[in-house]
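Note that the chains take the letters A, B and C in the order they are written out, and that residue 1 is the start of every chain.
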Amino acid sequence: MKLKKMLGIILTAALCGGMLAACGDSSSTGTANTGDSSSAEKPASTGTDLIRVGIINNDPNESGYRTANVNDLKATFTEANGYEAQFSYSLKNEEQIQAAQKFIQDEVDYLLLSAADTAGWDSVLQDAKTAGVKVILFDRTIDASEDLYEASIVSDMAKEGQTAVDWLKAQNLSDYKIIHLQGVMGSAAQKGRSGALTDTAAAEGWEIVSEQTAEWNAEKAQQIVQTAIDSNKEFNVIYAENDDMAKGAVAALDKANISHGVGKDVIVMGFDCNKWALEELKAGNWNYDGQCNPFQSSYITEIIKKLEAGEKLDQKTIIMDEKGFDAATITQEDVDKYGI
Amino acid sequence: MQKDSVLELRGIYKSFPGVKALQNVDLTLRSGEIHALMGENGAGKSTLIKVLTGVYSKDAGDIYIKKGGKEEKVVFHSPQEAQRAGISTVYQEISLCPNLSVAENIYLGRSEGKFISWKKMNAQAGKLLKSLDIPVEPTQQLASCSIAVQQMVAIARSVDMDCSVLILDEPTSSLDESEVEKLFGLMRQLRDRGVGIIFVTHFLDQVYAVCDKITILRDSKLVGEYNASELPHVELVSKMLGKELDDMADIKNDAKKYQGDSATPVYQANQLCSTEGIAPFDFYIKKGEVNGFTGLLGSGRSESVRAIYGADKVTSGVVRVNGKPVDIKKPLDAMKNGIAYLSEDRKRDGIIGDLSVKDNIILALQVKTGFFKPFSKAKATKFAKKYIELLDIKTASVDTPIKSLSGGNQQKVILGRWLLTEPDYLILDEPTRGIDVGTKVDIQKLVLKLASEGMSVTFISSETDEMLRTCSRLLVMRDRKLVGELTGDDLNQATVMATIAGGGKE
Amino acid sequence: MTAKATGKQNSFLSGLLHNQLLIPIAALLLLTIFNLIADPSFFRISLGYNSDGNPVLSGYLISIIDYGSELAILAIGMTLVTAASGGQDISVGAGIAIAGSVLLRVLCGTESRPETLQAPVFVAFIVCCIVAMIFGAFNGALVAFFKIQPMVATLILFTAGRSIAAWINNNELPIVSEKSFTYFGGYLPGIPIPTPFFIALLCFVITWAVLKFTNLGLYVQAVGINEKTSRLNGLNPELIKFAVYILLGLCVAVCGLIKVSRLSTINYSVIAKDIEMDAILAVALGGNALSGGKFNMGASILGAYVIQFLTTTLYKFDVQSDALSAYKAVVVILLVVLSAPVFREKITGLFRRLRAGKAAA
């Protein structure tokens, strides 16, 4: 009995330790300096020309997109590049706001923010303004007055969708029978990417064979496509709103021996440009992948440079360039450069 | 409806899957009357009460009540409705909230916004408790009170409600004598105020002490209604059992008790002590001996046997079984050493309510046999059937859930469970509590029979009579200490009482 | 004579109404009839070949037994946990993510996309089982020894599990290119029935054997119904509760293998998402009390397939995406209400009254 209890305690302790390690490693909600900007030269850093930035982002484990986004920011905001950066990750708005307050107290020069939620930021951003901290939004917008931030760098999901749909239109198929796999209903990406397809399909007279939400989930997508195959529905396009769902759809196609890819029976379209997805594209198994650009740091540094130089920004909202890749034209270079 | 009656039940029918619980039962309760509802376990008393109070819906029959001089045919769909109509009930099993305070329990669910202040509620509860002479603080948590006090709080709750009919379902089964007297005083007081009281009990003496009328049920049918003063004890018992009965006498005359062989004790403990606050005690029992622990409620008799069985955490003591030192730290150790323990609180520590009679019977032996050796269905059924027959358990089938059996039959199932393990030493803690006369007699006879076959038995009962009848040696407990041991000629009411009360005074 | 006949009929009827299998079977029948009327081709099964040239059966029914496998396997463990501890493990989805992640970690080593497997699948699966059982033991220890409410205890892993899963693979998304790894979630060469179904079947057989040849069922139910009595009868309630969580861990490991094998990769944030809710629902649909005690394993497993049947049916009818969960919720509420003991009690009463009325007339 005693032994068992001991065992229980040891187990608990071990697991707690493990979890802490996990958190520390990958999803720290603290505001510790990262390795790149570690404090070896910290005393020197104040007063020198290092630009102090506080970066508030979502949890890197949220998705491959977010991981790429975080890695990009980490690689850019280094001391070598002239920055002293602090990071904070959370999927919760309140925790993000707390982190923002701390950064303001730390008197950072710039606050870079990818908000978990659109609401609730007014007062803290007002504080930032009063304290002279410049705010740059990236990846996500918020419901607050434009005066409160310098710039907002976003993806235009509707544009992403439109690029994809335009590509599809350019394929000049004799008829369009589309299975539409949607993301989690109501998310920005789903709305943008669905909207483009729905509008064009209505205008062009394309047939939407099946329209279901697979909630970004590969298995659900597999089931939905499986069900469509089981009911003998005819289709020649899979329009999946992310790569995972496209992958699930392809698994179902393979099972039913339906050919897909360049010059085959079914056109497969995905989004997000995961590296593995681009590889599929290059191998000709898929036809199209739309980018959702996670590499925002170059845009941010550009803005910071302009602001440091005292220049004025042309516009508050900056929409990033986002590409769409065609299996016919993609190169290994593209895969390495844009794959996330 | 008759002129002076407050409540009439006519032609009540109720059945459960496989069981006809009530068939054409009548009951008439007059104002200012204490009316005993008698019958063996499973005769239908509890069902009748539950139909009357709206817990069960009846299949057929009518219920009339008189309210403010007007008679009215009623159908209750819930206990709340019955309560609103002036019918209050105190059940056998305490149905209060143990984690609330006494005062909260008294006023729970019927304050109707009356009590905004805790202080006021506690004060009022205090007054009520004082008027009923119940020794408890209103703010005390109910779970920390003894079962007896909890029972009295339940009665206080009912009394405080403005009731014209009060139903007491086995209220006395966990009260000691002085508490019973107090309750009777209360009942008489209520009777004089014109309340009709239905009193369900197994204690024949109590029936004659307070009751005016007696209604007897047998096998879910009505036997009849009698005036208490005109119905002799023996006749009452024979009407309940449906046969003439000399069994009580039988036991008394039974060859005077089993004292056991004088060889090594089957079980012996020195300075045994557990975490439950009893003083360390010495104890032994010989093969074929029947002994018992006696004492008031809370004197530590249950705690003593629980320590023997390893049910509570044993803190010290040397234990020998058949002369060999053994370590009994948990129930399984005791079971492996041939000890069986039938616990005091049947509902909490005895039955596995949702499991079948069969599973309840085989459980202990199954655990003893081991995880990887389950009995086949046929074997389990055979075991179950054997004890159902041997102990005359009334159940629809071996697969009936035990919780749907009456209290006495549940007790027999658990007894069967332990007999199945063929123990050398059987501990019975209050096996006769809350069960009918017939079963009580059966169990006492069984104890003596087992002893004659060489089993050692420790028997605990609140009824000294039963202990005197069965035990050859009595260990007397007072204030959680073992204070005396009585054998031979000392085994009589007077000496036992004197020892319990404090031997020094003699 | 007549009375006797009525009595018999009565007990037969109430026996049927009290049989726990009734509701899941009735639900299956209802869904079957509904589909049969709406589209008889629902039940057609055809033989084809997949892109590897393997023969495969396809059709809705095959899809149901295929995709329902993980849920059915989880339902086994969840039923035991529910019965013994009177609560549910809500961390099984996260547990599957961890199990899958461990599996891939062992298979792929430090590279995220190796050409060849770094370890045999069998070894990887054993490691995955051990890890999943350790996490199960963690939940079990909290519930059994520290007496924490199961939902609260498992909330810890529910929250942290997917992060742990990502951490195990350094946030990489490993992809296994080895063909043989896809067998577990796909098809064995030459066998046209999906492997997950066989795995599930194997689990059922093992469960049946364990329940038949050990006292697990009796012990678990006894502990779930009355812990104090169980202790007095020589059982160790803590140990039993602890053990069922480890068993659930094993079920989680098996599900992890199937899930990861289906796509040869993993997505930590969405793999087996919300599966804990479906598993709990399967237990409830089987008419098992979520407060613990008596259980019927067969009913839980059937319940799992009912849920999958429902999902496939809804996909088939192309229910509007935004309304999908609402439809599912309505059906689920209906089923759960139907399987609630209170409701069955009422129905029994209604029948009796009807008969009584008839007799009177």
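One rule holds in what follows: a contact is a pair of C-beta atoms (placed from the backbone, for glycine too) under 8 Å apart; a residue touches a chain by one contact, two chains touch by 3 or more.
If you're wondering where the values come from, they're calculated on a predicted model, not measured in any experiment.
Of the two interfaces, A-C and B-C, the higher number of touching C-beta pairs belongs to A-C.
Look at the CA centroids: the one farthest from the centroid of chain A belongs to B.
Centre-to-centre separation between chain A and chain B, using Cα means, comes to 69 Å. Averaged C-alpha coordinates give centres for chain A and chain C that are 33 Å from one another. We define each chain's centre as the mean of its Cα atoms; on that basis chain B and chain C are separated by 43 Å.
Residues of chain C found to touch two or more other chains are absent. Touching chain A in their complex are the following residues of chain C: 39, 41, 48-52, 56, 58-60, 63, 67, 113, 134-135, 137-138, 141-142, 144-146, 156, 160, 162-164, 166-167, 171, 173, 175, 186-187, 238-239, 242, 259, 262-263, 265, 267-271, 273, 311-312, 315-316, 318, 320-322, 324.
If you check the complex, the residues on chain B that touch chain C are 17-18, 57, 59-60, 309, 311, 330-332, 335, 341, 343, 348-355, 359, 363-364, 366-368, 370-374, 417.
By the touch rule above, chain A contacts chain C in their complex via residues 4-5, 7-8, 11-12, 15, 18-19, 21-23, 25-27, 59-64, 67, 182, 185-186, 210-213, 215-219, 222-224, 226-227, 229-232, 244, 247-248, 251, 253-257, 259, 274, 276.
Partner chain B is touched in their complex by these residues of chain C: 10-11, 14-15, 18, 212-216, 218-219, 221-222, 225-226, 228-236, 293-294, 348-349, 352, 356.
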